[in-house]
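Just below sit the structures, each encoded as structure tokens.
What follows is subunit A paired twice: with subunit B in the first complex and subunit C in the second.
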Partner chain A sequence: MKTLTTPRPPTAASAPAVTQRHRRCPARTAAVWILVGPYTLFLVVFGLAPAGYALWTSFVEDGSFTGLRDWAAVLHDYRLGDAAAHVTTYLLLWLPILLLTVLSLAFTLHARPGRATSVLQLVYYLPGAVTGSAAALLWLFMVSPDSSPFSPLLDLMGIESATDALSGGSVIAVLTVMGVAVHAGGWIVVLHGALNALPKDVLEAAQVDGASAWRTMWHVKLPMVRTYVAFVLISSFASGSQVFVEPTVLSTGAPGQISPTWSVNQLAYVYATQDGDFGKAAALSLAMLAVGVLAAWIVITRTRMYATDSSDSR
Partner chain B sequence: MKRWRAASLAAAVALVLCGCGGTGGGAGGRSGDAKDELLVWVDNTRMPAAQQYEKTHPDLKMRIVTIPPDAGYVPTKVSLANRTKSGWPDVVFLANPAEAATLASEKFGYAAPLDDLVPKSVRDGFTPGSLDTCTFGGRTYCLRNDIAPTVLWYDATLMKRYGYRVPKTWDEYRQTGLEAAEEHPGTIVGAVNGKYGAGVYFGSSGCPTRDTLSLTEVRIDLGGPNCTRVADLLQPLARKKAVTTVVPIDPGFSKLGKGDKILMLPAPAWFGDFMFGPAFKVPEGRIAAAPMPTWPGENKPYAGQVGGGAFLVSSHAGGRTREAVDLVRWMTTDVALQAKQPTYPAFAAAAVKWGEAKSKDPYYASDPMPALTAAANALRPGFGAVRFEADWQSSFNDTFVKAVDSDGNLRDSLRSWQDKLKAAAGTSGYTAG
Partner chain C sequence: MTALSRGARVLFLLGAAVFFGLPLLWLLLAPTRTADDLTTGSPLGFGSLGNVGDAWSHLTSYNDGEITLWIGNSIIYATASVALALLLCVPAGYALAKHDFAGRRALLTLSIMTMILPPAALVLPLYLEMSALDLTGTVWSVILPLSFYPFGVYLAFLHFRANLPDSLLDAGRVDGASELRLFWSVAVPLARPAIALIAFFGFVRCWTDFFLPFVMLSDDRTFTLQLGLMSLLQSTGAVNNSSGFADLDIHQPEAALAGLVAGAPLLIGFVLAQRFLRTGLLAGAEKG
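Showing the complex of A and B:
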């Protein structure tokens, strides 16, 4: 929750932490628990508990300990390499494009406030209003020349059928365009909100000092909203690395073109459902969780995501 | 530190709470339905027949559930039922009969062997070879509802207009295809994509891409002449774009039909009613069927297979097993019922009756039944149900179809397809020979 709070002025944290602890009143403690309690409950029930169960399932089958058998089987699966390569390529394409789109549009909106800004925010947000399987279905129509409003454009690109659009490496391009369209709008609104909350005096000081709009953006605004950018990165990495619904739904448009184990999450799903092997599914899911946690840790440490808050409390 | 201690405690509690539910495997267990009703899962098409059975058996408590025909749906649901040890359907219809290999496997333990439940005289009534996809290690685990033998569909009007003869051998087919591509650019004589390519060409040639020897053994050998001859047949046709890599169920395929570009299309029997008219928009009175061309050195036009459905009885049906078997038997062998079903019946007597209406169908340029019947009786042996059906299709696209698209060497691509098939078989628990 801390990640979404705007940086507080340095004066707010002058008292030592120990003194503050003594001054806490019971009502405030209760309020904290009321606010944090539901989140903690959900975290335990839908986060920690399933992860713990998965850990158990990956080591125990029918009551007997199977050791690292499932983990070894997953790591030696010939489909894992392809799936990981697909997801990595997708992330390498999608994340930078998404981040660049979000940053450039949010900063442009903030630099030119006015009536058009709120209209544009809505325009940017609209594609993101359709998400998940509905978005995948919508994009399936978009890339099928027979039903797409962009069929002349598809013709120019040499795409004559949904098979062309979804076979081989093209599916990554389709997923990238789709991913940017679906996710960018929401993040633009969040980042624009963060920019609006920046202290006016700092921006005015930059203006008085003669900083150009570009320098203000690069040296003043961006460092002040870095926690938000880090949050966008962590959330997007998590959702991108777990891409599942989109390739699954797109594959219904041209069956057989997209492998049912195209992404790592799809492979885990196939283990659990079509192979009936929950141990392998659990092992792979936990491996994915580890990758997500590692990536989040790297982003948090590199961007000093919590630095402002911790320095406040000193 | 306090925070970490609290988090560790929560995690430990969660582990203890969840850990006690750990179960595995699907074999064994009692009947999944406590209500003592016959639970039947069928697709939309089979629903009226199941309801008819229910009406004629008022004493039988039945619950019919519609399931989607999507590949993987039934194994997914059954694996969840295996997990919870309840909720198995007593009878299930498989739109994709390859899934019988999954459901009969030791891991799933769902499909009941029918050898002692369905008399041999009844099983012998099915078209020869049609129950091969239900048979593993000599035991039959399902009854086929319909089969999808491949025939050589062709546009009789175009053939006449261009002055071509319907090919009887694959050599003649290649020759006609090359001439058509030269003289009438854009014309196609076949489609090579996923199961529509692999099932039609490699299936009819008898190339062992998935010959099931048992539930745990499969023969994969793409180095033999039965495989290389397919690559040699398609190589020049691919170069001249006489075969397309667009999957026939892609809406884009209708451009070919509307533009008079489909001269021939070796494809399953159900393409006659469900693809040429409704999907490809080929007008009435033009499409006809011929037997599949014969491969060099053979005199029988063997058919491949793409599609068809099957019924399974649950090994968890317990006291309802007799009722479940009776329903499956009626659904698959009742001549009056099967004569009305949309696709080619697997039960031979029903197929004859079914063909009477087909012979008079004005959509066709000539009676398709002689070719369809010949194809049904010439299913190439060996093409079995495997647990890696999805990988079989996608690996074909990744290797062979990719080579067709990029004008690569098709013979060479067979090696990489074989490697992927063997890997897929190994991962699915098969010993690949």
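Showing the complex of A and C:
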């Protein structure tokens, strides 16, 4: 499936279309809908309907139209500003560090391929297996000076207990380190694969011209994989903006240190479950959904990472 | 490359390996040690296998063996979701790749949209929908949404488009096979590796999912292992001694063992299915 890995150039619809596709007969149409119908139903019920129903809920309560009341109430909630600030700070810290880690490791691995390359990739990737509450548990241990293998480092930073490490603004630092450890590996594999798929003659030409390893990376390789870099950045932005699990679980290890409405999604969760205010929960989660949809839309239309048409098959 | 820059390169790669690898190594070793040894001994010592057994028996005595219930729940939910997802994904991916029909382009675009969308973005809207249907708290509120798996459709679509020649299907048509028969007897047998890949990624996704079951389920007997792990932390203070009930036999080694059990299927899967994994990551860049 290696042919699937390169971003697709905008191909003209010159590839010969398969004649069968264009001949429609009733029996075949029926067969197609038997194949695709159940999935389509699930797409509608669990992909589109939730968004539609949330939209309805945010405007209508007990059958009467409430207009923008819920939206205004969310906007005027003092907790929203705090939560948005937390998530923004987290993204500003996490995204650059993640990108730098992914780029530097993928390029360093690619500069001199060796037997250790795949072993190292696996080591970088394995933390991705411990996610969710297990990851939060693991990193609670990592920031507890009693037990952490990083305790000299923690001493250096003056951290005396896990509660210390999770108080005030340092939650964001812990989340950042955790987020890099969990997510970097997968992207390193993706980017390294993209680098491996680059045409060899271009890289050789750079070498013949006497370009240093550094210049080759900066002026030849990086521009050629920039779609991937954009992809990493946009999808990480989308998933990072939805942060929920990590602050939720981390707060159980250091009670009282992390607000239950620390992130925007946590606030929406509190609306839905603690306050039982579905209208406000719907409005806020729709706003967050819009962020995700926008990011997905940019990926599809700008990066050409995904094949949406069969005419560009090879 | 000079010796200096080679040295710097090796140092950088190994430094990164320490950052990524050390927490996992610690997690692997922690259950073999006692709580005292963990806080006073060297951070990366090996205790004894007997300690692992003790830690496990402490864990299983927590709330009458709730942990085995959670493991069972995780397995049931994940297996059911993956099985249902495969039934939906593979035919859909095949039809999208090999047939033209009204709405095909829209279906493909919507699938890719929902696949790139972070799963967390839809969880609360799903919760509102499930509440309206009175399904929250049931296993269906977890299994059904998880079996909508657009990434699986996209993987199947890519596979059939690249690896299933139209001539093969045409030959079957000439022999008088129906369209459904072609799918079942020609396409599916040739797609076994792709189906295994979809199943693997689907399982990883269901097993690690936290937000959806966290929102949907409230009775701790229906929890998945991921949720159980959190309630274990909450009620025992195993990580932070300042909270919880100290009289329970759940301390650091027990918590570490529970975390290890939660990660084990994926760690093993990742090591065994390395090459597999790379293909899938490159094809669609799962964000796991």
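Here is the rule we use: the second predicted complex is superposed on the first by the 243 of 314 C-alpha atoms of A that agree within 3 Å, B and C clash if a C-alpha of one lies under 4 Å from a C-alpha of the other, contacts with A are read in each partner's own complex, and residues count from 1 in each chain.
Everything below uses one rule, namely that contacts are C-beta pairs under 8 Å (C-beta built on N, C-alpha and C of every residue); 3 or more make two chains touch, one makes a residue touch a chain.
Not measured: the values here are computed from a predicted model.
Shared-chain residue A:Ala31: touches subunit C; no touch with subunit B. In the superposition on chain A, contact is made by A:Ala49 with both subunit B and subunit C. Applying the stated contact rule after C-alpha superposition, one finds that A:Ser147 touches each of subunit B and subunit C. In the superposition on chain A, contact of A:Tyr39 is made with subunit C only, not with subunit B. Contacts of A:Asp275 after superposition: subunit B is touched, whereas subunit C is not reached. Contact with neither subunit B nor subunit C is seen for A:Leu222 once the two complexes are overlaid on the shared chain. In the superposition on chain A, A:Leu99 contacts neither subunit B nor subunit C.
Contacts of A:Asp164 after superposition: subunit B is touched, whereas subunit C is not reached. Once the two structures are overlaid, the count of subunit A residues touched is higher for C than for its counterpart among subunit B and subunit C. When the two complexes are overlaid on their common chain A, residue A:Leu80 makes contact with neither subunit B nor subunit C. Shared contact residues of subunit A, touching subunit B in one structure and subunit C in the other: 40, 48-50, 53, 57, 144, 146-147, 161-163, 254-255, 272-273, 278. Looking at the complex, you find that subunit A touches subunit C at residues 1-5, 18, 20-22, 24, 27-29, 31-36, 38-40, 42-43, 45-51, 53-54, 57, 101, 104-105, 108-109, 111-112, 116, 118, 120, 122-134, 136-142, 144, 146-151, 161-163, 181, 183-186, 189-190, 193-194, 213, 231, 235-236, 238-239, 241-245, 248-249, 252-255, 265, 268-269, 272-273, 278, 281-282, 285-286, 288-289, 291-293, 295-297, 299-300, 305-310, 313-314. Interface residues of subunit A, counted against subunit B in their complex, comprise 40, 44, 48-50, 52-53, 55-57, 60-63, 77-79, 144-147, 160-164, 167-168, 254-261, 270, 272-279. Residues of subunit C that touch subunit A in their complex: 1, 9, 12-13, 16-17, 19-27, 30, 38-39, 43-44, 87-89, 91-92, 94-101, 105, 107-114, 116-118, 120-129, 131-132, 144-145, 147-148, 150, 153-154, 158-159, 161-163, 166, 169-170, 173, 178-180, 183, 208-211, 214-215, 226-227, 229-230, 233-234, 239-240, 242-243, 252, 255-256, 258-259, 262-263, 266-267, 269-271, 274, 277-279, 281-288. Residues of subunit B that touch subunit A in their complex: 10-11, 13-15, 17-19, 21-26, 71-72, 75-76, 78-80, 82-83, 102, 107-108, 193-195, 245-247, 249-255, 387, 390-391, 393-394, 397-398, 401-402, 405, 420, 423-424, 427-428.
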